[in-house]
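Each of the next two complexes has chain A plus one more chain, namely chain B in the first and chain C in the second.
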Partner chain A sequence: MDTVSPLERVLRGLAITVVILFFMFPIVWIFLMSFQTNETILRVPPSVVFEPTLTNYTALITGKLETAAGTLEIAFMRNLWNSLFLSTASVAVGLLLGVPAAYAFGRLKFRGSEDIAFTLLSFRFAPPLLVLLPLTIYFQKIGLADTYVGLIWVYQLIVLPLILWIVRGYFEDIPADIEYAYRIAGHSWFSTFRKIALPLAGPGIAAAGLLAFIFAWNNFIFALVLASADKQPVTVGALAFVTASGIQYGQVAAGIVLSIAPTFALALYAQRYLVEGLSLGAVKG
Partner chain B sequence: MSLKLTDIVKRFKTETVLDGVSLSVGRGETLVLFGPSGAGKTVLLRLIAGVVDPDGGTIEIEGRDMDGVEPEDRGIGMAFQNFALFPHMDAMANIASPLTARRTGREAIAETVGKVARMLKIDHVLHHKPKELSNGQKQRTALARALAGAPQILLLDDPLRNVDAKLRFEMRLELPRLLRSQDATVIYVTQDYKEAMALGDRIAVMNGHGIQQIGTPEDIYLRPANIEIARLFGDPVINLLDVVPEAADGSGGVQVRLSDQPVALVGGYAGTVGTDCVLGLRPEAMRFVDPGTPGAIPVEVEAETPLNEKTVTLTLTQRGREIMVSRPSGMPGPDQGTAYVAVDAKDALLFDRATGQRIAPGAHSPALQEDVA
Partner chain C sequence: MTDIMLNIENVDKFYGPVGVGVHAVKGIDMQVARGEIIALLGSSGCGKTSTLRMVAGFEAVSRGRIHLAGREVHMLPPVKRNVAMAFEGYSLYPTVTVRDNIAFALKAARLPQSEVESRVRDVAQMLEITDILDRFPTSVSGGQQQRASLARALIRDADLHLLDEPMGQLEPQLRTLLRGRIKHFIKERGLTAILVTHDQTEANALADRIAVMEDGVLQQYASPAEIKERPANLFTGTFVGEPPMNVFPASASVSAGEILLNLAGGLVLRYPEAEFAPEVRQSILSRGDVVIGVRPYAVHRGEGGAEAQVVANQWLGDQTHIAAAFAESTVVLVEHDRARLSEGDRIRIALKPDDLHVFDPDSGMAISHGRGLA
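Let's look at the complex of A and B:
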């Protein structure tokens, strides 16, 4: 296929550049903003030429926000840690519960299995606020409000259906004969699950876990309602930058850069698995 | 009996796949399940293996009812048509899997696997993953895995289906020896009648929800239960001609007319006179003869297909019916145009046209039989 004319090549390159610019511009702009003070950000007309400064990052890391109205305590690093902990723990719990469930839904066609699987997926359809209000009241009654356990539990609403449905597709793609062969060779179903199904669905489980991690990381509303300051993740913590003396754009940008960095790195690292994980099951090979 | 199936019924949703299948196989015997695809052969194997449960009937292995017995507890080895190798394990681990299940020691495993692998000539690829193996090696690995556990019952689901012709031929020669050395009860599924004839102590022909005939390869070939089975065995397929038997003049026997030439039927077919029948003539039951030979049937030569060991000639009778005649290669054939064929009447089969069932000759006319012989 080397019959592409020079003109076509140029046009193609142009098109790709436009697309990349369109999608990458906000991220690049935020990245640039994170090295500027509020004054340089807000000047008219805006310019990409500025004196870079690290004050935003030092403010976030030391937890001292200097504003026109004085010094403000912020807990950004604490929020970052909360994000990391909540997401990791949620995904771990989600995998622990979701992978065996996915196997059951994929392999054992029991009565009502489709309905149950769909019900679990339907958690994703409901507006979160609809669930959150009654849940807040329950949680306050049973003492789960503002606890990590409570948050991780609620995060399963995001994490579990995702893991369940992606991993299920992977399990279904493993030819049943391979598992039968292992059973006939004399191994129990549990050993077949561990030695055959799990390793073969490995890439799918990794992709599902990764995606679930990103979704959990980006969650805002659950933590906003159910957690107080010391348990809030970065998504909620960023609200602290809206101060009495105005929005601290520089710090917001630096906060965003810091908070997307882990998921960005993870996604880059596991890009291959992600694409595979999302497309597999859709296309039967 | 090593394996006994009684009245097995299996349905998938509303479709009945197996309807009352009964079968028993003795220790050390090789039974071939033969039939076209969709006949339920693979389902039957899966029922025996225990990965699918029957809707009715009982399966006994060594006299023990297998109802509720898990696949891992049945003492079975199985080779799948699609090989079903474990893709993340090397050939060694694949073959060793029946042994690891029994917590056999490392050295014993290495020894057994080595032995089986040498026997199947795959000992040089034991450390390759399935995707690095050729189709033939995959097939042998799957077979080795089934054999490694020295199972009492060996289920082979069309193991030669996905390998090339050369290997299939080799394995067809090798397998009987291999299977005998195992002293196991073997159920072998195939769609290839030559494989069935070469490997089976007995053949069970499956078609339409069940077993239509069980017998030795010779039985099935020479005395097929019905037209369908007669058509399934033999290459080229048997010639089938609509006939109405009539009483032969004088001799008291029965004859049919092919292109107005009377062909006497051997055996007691007296009851068939005047009924609609189908005459089955295997291509090798006919030969070309010189013009003027008594009873020779004139035919038009249409086309000739030389196969390796035989030559098949397609001919047309005077009524335009196609007849295939085969002869061993090297024997002179007919020229173009009109030729004459004679029929070996003792090899002719007669079927009821309405039911398709073969009409077995009665034993009450030995005189005629001697006459022709």
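Let's look at the complex of A and C:
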């Protein structure tokens, strides 16, 4: 039985429209900006009517940025590749370390386990700069500054706690007796972890991996401080558009569109999966 | 000498630090012979499942030792104990079919495919789950999952089979049918099994011996008949039996060649001294205060004796349960015919000395059963 009154329906529709406008406006505006020149972007008053151009995208793909002061070399495609590589590798390492750790925290209640798990989570609380300054010095001393390995290592501060805490909830949700049943049938705990726990926690692991990927992709500060131009991801690479002759808004917008495209597509594709995955793991108190 | 399959020696279980945490199992001593079926019977939280899980290796033994098939196993992981278990929550692997669930351990043991198939068929037929073998656990009913879990345990050649509430989800008719089949299956193969249950009928029907547990303590470990006829203490006496045993505090005295059991409300039960063996008389009289117990089916109506007033009369289809106010308490009688009694009717009831169980009021331990000492 439908108990929603017409007035309520209209108000709801209105509220949803406001929310959608609020959240979608920046994305749509950036998208429109990416097809405009700096002149049309900066005109007053702004307008949604313009002659679209692909010059911004061409500049990004060819790596040649035309400014009033001349042609600048930019490494946007390189940055894009760096983002992809750093995020994928970080999540892979994060899963490799985080999933067994999550299993241990979820299943084996050992002395201090909660403290260790909380300490790992607390990495997320600290301002990144707090870690970065000492880390920069250490990394320079041990030769990890400006290396992919060093960056992937530092990215674990972002992905590892996330994976650990989400996946741990999943492992805790699997009835322990299913694993016991497998173990008592003649299998080691490692085989039980591989054959029973991992497949059952699969959706949670996928959701955690996806979320960690997005977080890693969006990171800015670690790569800004620890990497030089050829190792920097798109988030840092976008700074190249702040040139001596002004900010290249068109290229910035195109850069943003290109850089959010993979995570946006990924999130859209796996949206239901992600929401289900994350909420399932959170059900158990 | 009896061949001992399982020996539980003075085992304690603490959840938390030893001596400080929750003391779930307290100094259990139990031996199970090869080929024997044992039932661990008790109410929720009595420690029966903890005991079972310590034997399986899922819970660490806080104190004591466990020997299985001549090996000391309490420090071994479950995989090395060679025990099979049917779980209360079924715990089937959701990603494989019922058939594969049942065959898992046999395949892990690398048995020939033909043997695996024939054994799965046999056990599935016995438990009436042949039609669901190719379905996934999530798509079958709770009762079917339970039988699949039971099949997964029974199919194995283990030293010990642990069955945790194996028939809780089954329909009464099917339960009755399967009890007989499961017992036959276990006995025919000479398996040794421990069954955890709170269902007395199941324990009586399946087990050679019943271990009654309460508050982590093994109260009595004996055959079903002995537990019923000679309960070791007040707990066992009142826990086992449906409806439960009637119990009344009494003070015993002797007068003019009669033993008088003075109940509350000025009610006196009189028995000629000769009805009890001298040592029973001595034991009862020396204590003075006792608790007497009598099973509902041993309370007889209309044969003289003390007066009681009916408070309820229920015909259950095959027997009548009558509750009557008696000695400032309630006495329950079971009769096999329909009783034409209404609330408020006065009846006379007799408690024969042969049917009396006398307990110490302080320790709860049995003093006598009928005319003999406990």
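In the analysis below, the second predicted complex is superposed on the first by the 282 of 285 C-alpha atoms of A that agree within 3 Å, B and C clash if a C-alpha of one lies under 4 Å from a C-alpha of the other, contacts with A are read in each partner's own complex, and residues count from 1 in each chain.
Note that in this section a contact is a pair of C-beta atoms (placed from the backbone, for glycine too) under 8 Å apart; a residue touches a chain by one contact, two chains touch by 3 or more.
Computed from a predicted structure; not experimentally measured.
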Chain C versus chain B on the shared chain A, clash or fit after superposition: clash
Touched partner set for A:200, first chain B, second chain C, both or neither: both
A:42 touches, of chain B and chain C: first, second, both or neither? neither
First, second, both or neither for A:182, with chain B first and chain C second: both
Set intersection of chain A contacts, chain C complex versus chain B complex: 175-178, 180-189, 196, 199-200
Contact footprint of chain A on chain B as seen in their complex: 46, 49-51, 70-74, 76-78, 80, 82, 84-88, 97-98, 100-102, 145, 149
Of all residues in chain C, those that touch chain A in their complex: 56-58, 77-79, 81, 83-85, 87-89, 91-95, 104-105, 108-109, 149, 152, 156
Residue ranges of chain A touching chain B (in the complex, touch as defined): 175-178, 180-189, 191, 196, 199-200
Chain A to chain C touching residues, read off their complex: 175-178, 180-189, 196, 199-200
